[in-house]
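Structures follow.
In what follows, subunit A forms one complex with subunit B and a second complex with subunit C.
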Partner chain A sequence: MINLLPLIKNETIKIIKKKRFYVILLILLVLVPIFTYAQMRSAERTREKFHGDWRLEVQQQITDNENSLGSDRVPDEWKKYRKIFVQQLQYYLDHDVNPNEPNGVTFTREFMANSITLFIPLLIMAIASDIVSGERTSGTIKMLLTRPVKRWKVLLSKLVTLFMFSSLIVVSAFIITYVVSGAVFGYKGFDMPVFTGFQITGSDVDLSAVHAVPQWKYLLMQGGLIWFVSLTIASLAFMVSVLVRSTAASIVVMMAALIAGTILTNMASAWSSAKYLFMVNLELTDYLSGTPAPIEGMNLSFSLAVLSVWAVAALIISFLVFTKRDILN
Partner chain B sequence: MNSSKWIWRVVSIVSVLATVLLLAGFVYAIKDIQNPKAAAEQSSPSATPQESTGAKSPEAKKDLKIAVIGDSLAKGTGDNSGMGFARRTVSELAKDSGRKATLLNNLGINGLTTTGLLPKLEEKGTQYVLGQADVILLSIGGNDLFQGADLATKGISGTSNPGTGTELDPKDLLKGLPKASTQLKAILERIRAINPEAWIVYVGLYNPFGDIEELKIPGNQAVASWNQSALQTINKYSSMSLVPTFDLFQHNLDKYLSSDHFHPNGDGYQQIAERIVQGIR
Partner chain C sequence: MNMANNLDRKEQVVLSVEHVKKKIGRKWIIEDVTFDVREGEIFGFLGPNGAGKTTTIRMLVDLIKPSSGMIQVCGFDVNRQQEQALRYVGSIVENPEVYSYLTGWENLEHFARMQPGIDKRRIQEVVDIVRLDQRIHDKVRTYSLGMRQRLGIAQALLGRPKLLILDEPTNGLDPKGIKELRQFIRELADGGLAVFVSSHLLSEIQLLCDRVAIISRGRVLAVGQVEELVAANAKYVIWELEPAETGRRLLAGQGIDVIEQADAILDDAIIAGMGPDAIVTRMEEEDISAAVKHLVASGVAVQGVHQINPTLEQLFLKMTEGESID
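Our next item is the complex of A and B:
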C-alpha cells in the first residue's frame, strides 16, 4: 500500500501536466455560457408572453399538455409522461412554488440533469479513454512496466487517479455552471423548495410521499447520483482504454455506446430487456425529479445494480487483461 | 520539482474533499428516493398566494386582461391560423377602441364538457388565472349537447343510412339538456364567485348540424333552449352577458364552419370575436 501512493501522485501530475484537466475546464467554460445564453433568450420570451407571471405560464403548460392528451395522434407512452407531468405541475401550482424560477441554482440543477447522459460522460472520457491507451500510443508504457512495481499496482494507481479526477470533474461542472449562469440569472435560489418523492405507478403519481427539499440539498443529491454514473462511465472507459490500443478508437467505442443509449431510451420502451444495458440506466436523476423511467420496471435500486455490475465487470476484465497481456509495441 | 509537489497536494486534497461531498450526496439521494417520507405539510412562506388584489389597481384597468376558458371553441380548434376567438378578440379590441388588451391564458381544452369544467374551476391555477382577469370568455356546452365532434361525422354518415343513425338521435339531443344546463348554471356562479369583478362573456351555442335534414329542427330546438337556460342565469348578474352565435351560423354553415363540420373556421371565429368586442365596449 505504501508504494501505491507515489504511483498515484505520479499519475495525477501526469494528467495535470498533460493539460487534460484544463481542456475539460475549458470545454465547460466555453459551452456553459452558450447554454446560459440560450436559456436566457427563451426565458425572456416566455416572460414577455406571460407578463412575468409564472402562474400563468405553468397553467398554460398544464392546459397545453391536457389538450394533447385528447389527441389520437399522440402515442400512449407520451400521454403517460404528460399525464404525470401535468400532475406534478399541478402540485407545484397548488403549493405556490415556481418550478422553473430563473436563477443560477435552478439553471445548474436543470443543466446537470440534462448532461448526465452525454455531457458529463464525455468529459470523464476525455481523461479515462487516454489513461492507459495513451501510454501505449506514446510507448511510455514500457518504461512504466519495467519499474519494479507489480502490474496490478500500476493499473490500480491509474484507476484511483481516474476516480479522483471524476469527482473533480463533477464538482467543477457544478461550480462552473453555477458561477457562469449566476452572472446572468443571479446567484440566489439555494433555499428555494424543490419537490421530490413523486412515486409513479402506471400513469398516476402517488403524491403521498412528496416533500419539499431546499434546492441546495437537491443539488447535493443530484451531484451524488451524477458522481455514481461518472464512476461507472470511468470504469467502462477504463476497460476500453486497456483493451484498445489507440485513444481515438477508445473514445469512439465509448461514444457509440452512449449515443446508442440515448437513442434506445427514446424508443425502446417496447423492448424491455434493454433495461439491462448500462446506457439506458444512466439517468439516475430522473428518479429524483420523478420523471418516469424509460422502461417499465426500472427503479433506483435496479439501475444502481445494473450500473454496478457493468462497472465491476469492466474493472475485472481490465485487470485480468492488463496483468496477463504481453506488451508489444 | 516543487511545482509537482504543489500540484499533487492541491489535487489530492480537493479531489478527496469532492469525493466525500459527492459520496454524501449519493447516500443521501438513495435514502431520500428509497424511503421518501412526506414532510409535515409545510407551506412556503416566501410566495404570497393572493397577489391578485394588487393587480386590480385602477391603473391596471386600462390594460384589459382577458382569460379564456372552456372547450375546443375557446381553444380555437378549426381556425387554421390558431388564433381562435380568443386572440381575435384581443386584436379586435386593440384595433377598435385602442384599448390595450392582453390574453392572460387560454385554458380551452378540446372536448371539455360542463362535467369536466366544474372540477377544473376548483384547481388553484385556474382560479388564479380567472382571478387576474378583467374579462372572462367562456365557451362550454357544445360537447354536452352534441357529445363531441366525433359524432358529427357519424351523424352525417347516419343521414345516408337513417336506420343505423342511432348515435345522434334527435331525441337524445334534448335528453342531456336539463343536467347540463344546471351544470352550466353552477359554472357561471362559480366563476362569478372566483372573480366578482370581471366581466363574464358566455359564448352561446350554434347548431352545427343545421344543414342535416333530420337534425335541423331538433338541433335548433336544443340549442335554443340551451341558450335560453343560460340566459336565465346570466340575466341575474349585472356584469355577465351572452354573445349569441346561433343566428350567425344558422344559414352560413358552409361559410363559417371548418372542414370538420363542427368547429368554426377562421372567418367564423372572426365573427364571434367581433360580437364579443361589441359587447365589451
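Our next item is the complex of A and C:
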C-alpha cells in the first residue's frame, strides 16, 4: 500500500534529529588527531634512532624478533607469529619497499585495520542499539505500529536506514582519518606498493602468490572488507535491539560479545570450534596483510561465510520476532 | 475490496468485536469480549484496573493478536488486513507518546508520511482543530501534558479516521481540560466519527457516552445505552426510622430487600450523607407509600424517606460485586 521511501525518510530524520550521527563524527574528530599525534611522536623517535634510514629500522625489527625466538619465556604461539612476521619483513626488505613509510594513506590503512574489531563496531552500535529498542523505551512504538503499515515494512525501513548510516560511518572514518593524518604526514602515498597474498601454512609463509598492489587499491579492498564487517555488526546489533527492550542492555550485550571476541582471538587457538563464533572472524583485513588467523583452518572465504550466516540468521530472527510479537508495554 | 459494500452490509457498524479471547502465558486475560461500535456514537469502555481494558484496546489496533475471535474495522480484519483496517483508525493507547526531540509539526509530518493522501494542508487542519498552532513548531519536550494530549489527538485525526480510540483520555488533565475534552469529543462524534473511550471514571463515562460496555475480569458484563442500563437497575431507598431496629424488622417482614452492606453498592457521596442508623433497601417506587403506612401504623416514626437516582457507579459496583476500581 505505502512504499518504503517515506518510511526510510522518517527513520533518517529521526537519527539525524537525535544527533547520534553528529556525536559519531565528533568522536572521530577528537580521537583521530590523538592517534595521529601518537604516531607522529613514535615516527620521530625511530627517525632519530636510525638517522632516517628505514632499512636499518626494518633490519633491527627482524633481529629483535629473531632473538626472542630463542627465549624460553616467549610462548610458542607468539613465536609462530613472530616467525611469520620476520619472513614478511624480510620480503619487504628484499624488494626494497618500506612497510612503515609514514604518510597519510599508510596511517589510514593501519588505523582502519586496527579499528575493525572494536572502534568501528562501537560507532555503529551507537546507532543500531537504539534503533528499535529506543522506540520501545519511549513508547512511540505504539504510534508507529498502529499506523496502516505492515510491521515488516516498518522494520525493513529501519534496517535500510541502519545500513545506510553504517556505510556512511565507514566512509566518514576513512575520510576523516585521511584528512587529519594527511595534515601531519602528507597526503601522498596512494601509489606506494603494498604486498598482499602471503599464504600461511603452519609457521611458514608461502611467498609464491605474493604480489604488490598500489596502496589505493589495497585501501579499496580493505574498505570493502570493513564495510562487510560493519553490516554484519549492524545486523547483529539490530537483532539485539529488537529482542531487548532497553537500549543500555542492548549496547552491553553487543559490547560483551565483541570484547569476548578480542579475548578469544588471543587465546582460543586450542579451541578450534571457536572459529564458528562471529567475534573471532571480524579481522578480515588480516587476511590481506598476511597476519596469521587466530585459529587453524580460518581463511578469508571461511570468515566471510561465518559472518554471512550470523548476519542472515540475525535478520531472520529480527523479522520473525518483530512481526509476531505482542506489544504489551 | 469495496468499502462501501462492506459498510452497507454491516449497517454502519464501524468496529465489531466478536468473541475475542486472549491468553498471555497460561492466564486468560480476556475471556470473552463482544461488542459493536457504530458511526457517530461515543462508546464507553468501563472497567476496574486489571479488567482487561488496555489489553482489549491493544488488540483493537493490532498491537496484540487475539488468541481467538475476530476484530473488524469497516469490514476489514484488523489482524489480517492491517493496512486496510488501520487506515480508518486513529488511536492513543495509554499516554500520547510522541518523539520529544522533534517539534510538534515534525511529529505530525512523521506520522503523515506513514499514510498516503495526507498533505501539509491536512496537517494544518488538525493543528487548528486541536488549537495547537501557537506552539506547533516548538520541540515536544517543552510541551505540557495537556499539549501532548492534544498533539496525540491531532496525530490520531490526521488520516481522517472513522474510528477514534482514546485510552483513559482524561488522565492528567485538570477539570477545565476534562470539560473541554468532553465537548471536543462530542463535536467529533456529531461529525459522524465513532469514538471509543476507555475509562475507570464512571461519572465521566456517564456524562460523555451514548453507550457503554462494562468489563470485569476479562468478560463483558453488560452492553447498552447508559440510560437503559441505569434504569433497568433496581432503585434504592434510604430510610431514617425511629426506633431503627423495629423499623428494619418491619420492612423485612413486608418482603422488602434490606441491604446489610450498603457501602459496597452505593456511591461514596451518598454514604457520606447518610445517618449512622440509616436503612438501605432495594424496592420499587410504587411500594414506598404502602411501606410508610405500615410503619406508621406499627408505631415507628418515619423521619426520612429518600429515593436515590440510579447511577452508573451503583450499577457497576453491583455487577462487579465490590471489586476494587481505583
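We take it that the second predicted complex is superposed on the first by the 327 of 329 C-alpha atoms of A that agree within 3 Å, B and C clash if a C-alpha of one lies under 4 Å from a C-alpha of the other, contacts with A are read in each partner's own complex, and residues count from 1 in each chain.
The rule is short, and it goes like this: contacts are C-beta pairs under 8 Å (C-beta built on N, C-alpha and C of every residue); 3 or more make two chains touch, one makes a residue touch a chain.
Just so we're clear, the structure is a prediction, and the values are computed from it rather than from any experiment.
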Original post:
Sharing subunit A, do subunit B and subunit C clash or fit in the superposition?
Top reply: fit
Original post:
So, does A:Y276 touch the first partner subunit B, the second partner subunit C, both, or neither?
Top reply: neither
Subject >> Contact breadth on subunit A, by residue count: subunit C or subunit B >> reply: B
Original post:
Where does A:D326 make contact in the superposed view: on subunit B (first), on subunit C (second), on both, or on neither?
Top reply: second
Original post:
Taking the superposition as given, does A:L168 touch the first partner, subunit B, the second, subunit C, both, or neither?
Top reply: first
Original post:
Taking CA centres, what is the subunit B/subunit A/subunit C angle in steps of 10 degrees?
Top reply: 160
Original post:
When the two structures are overlaid on chain A, which partner does A:L56 contact: first (subunit B), second (subunit C), both, or neither?
Top reply: first
Original post:
Can A:L145 be said to touch subunit B (first), subunit C (second), both, or neither?
Top reply: second
Original post:
First (subunit B), second (subunit C), both or neither: which does A:K18 touch?
Top reply: second
**OP:** Once the structures are superposed on A, label A:K9 by its partner contacts, choosing first (subunit B), second (subunit C), both or neither.
**Re:** both
Original post:
Across all Cα pairs of subunit B and subunit C, what is the smallest distance in the superposition, given in whole Å?
Top reply: 8
**OP:** Take the contacts of subunit A with subunit B and those with subunit C, and give the residues found in both.
**Re:** 9, 13, 17
**OP:** Would you tell me which residues of subunit A are touching subunit C in their complex?
**Re:** 1-2, 6-7, 9-10, 13-14, 17-18, 138-140, 142-151, 324, 326-328
Original post:
What part of subunit C is in contact with subunit A in the complex they form?
Top reply: 24, 58, 61-65, 82-87, 89, 91, 93-95, 97-102, 106, 110-111, 113-116, 155, 159
**OP:** Name, in rising order, each residue of subunit B that touches subunit A in their complex.
**Re:** 4, 7-8, 11-12, 14-16, 18-19, 21-30, 32-34, 36-39, 42-44, 46-47, 49, 75, 102, 104-111, 123-126, 128-129, 132
**OP:** Enumerate the contact residues on subunit A facing subunit B in the complex.
**Re:** 8-9, 12-13, 16-17, 51, 53, 55-56, 58-60, 62-63, 66-67, 70-71, 90, 93-98, 163-165, 167-168, 170-171, 192-193, 196-197, 199, 208-213, 217, 220-228, 287-288, 300-301, 304
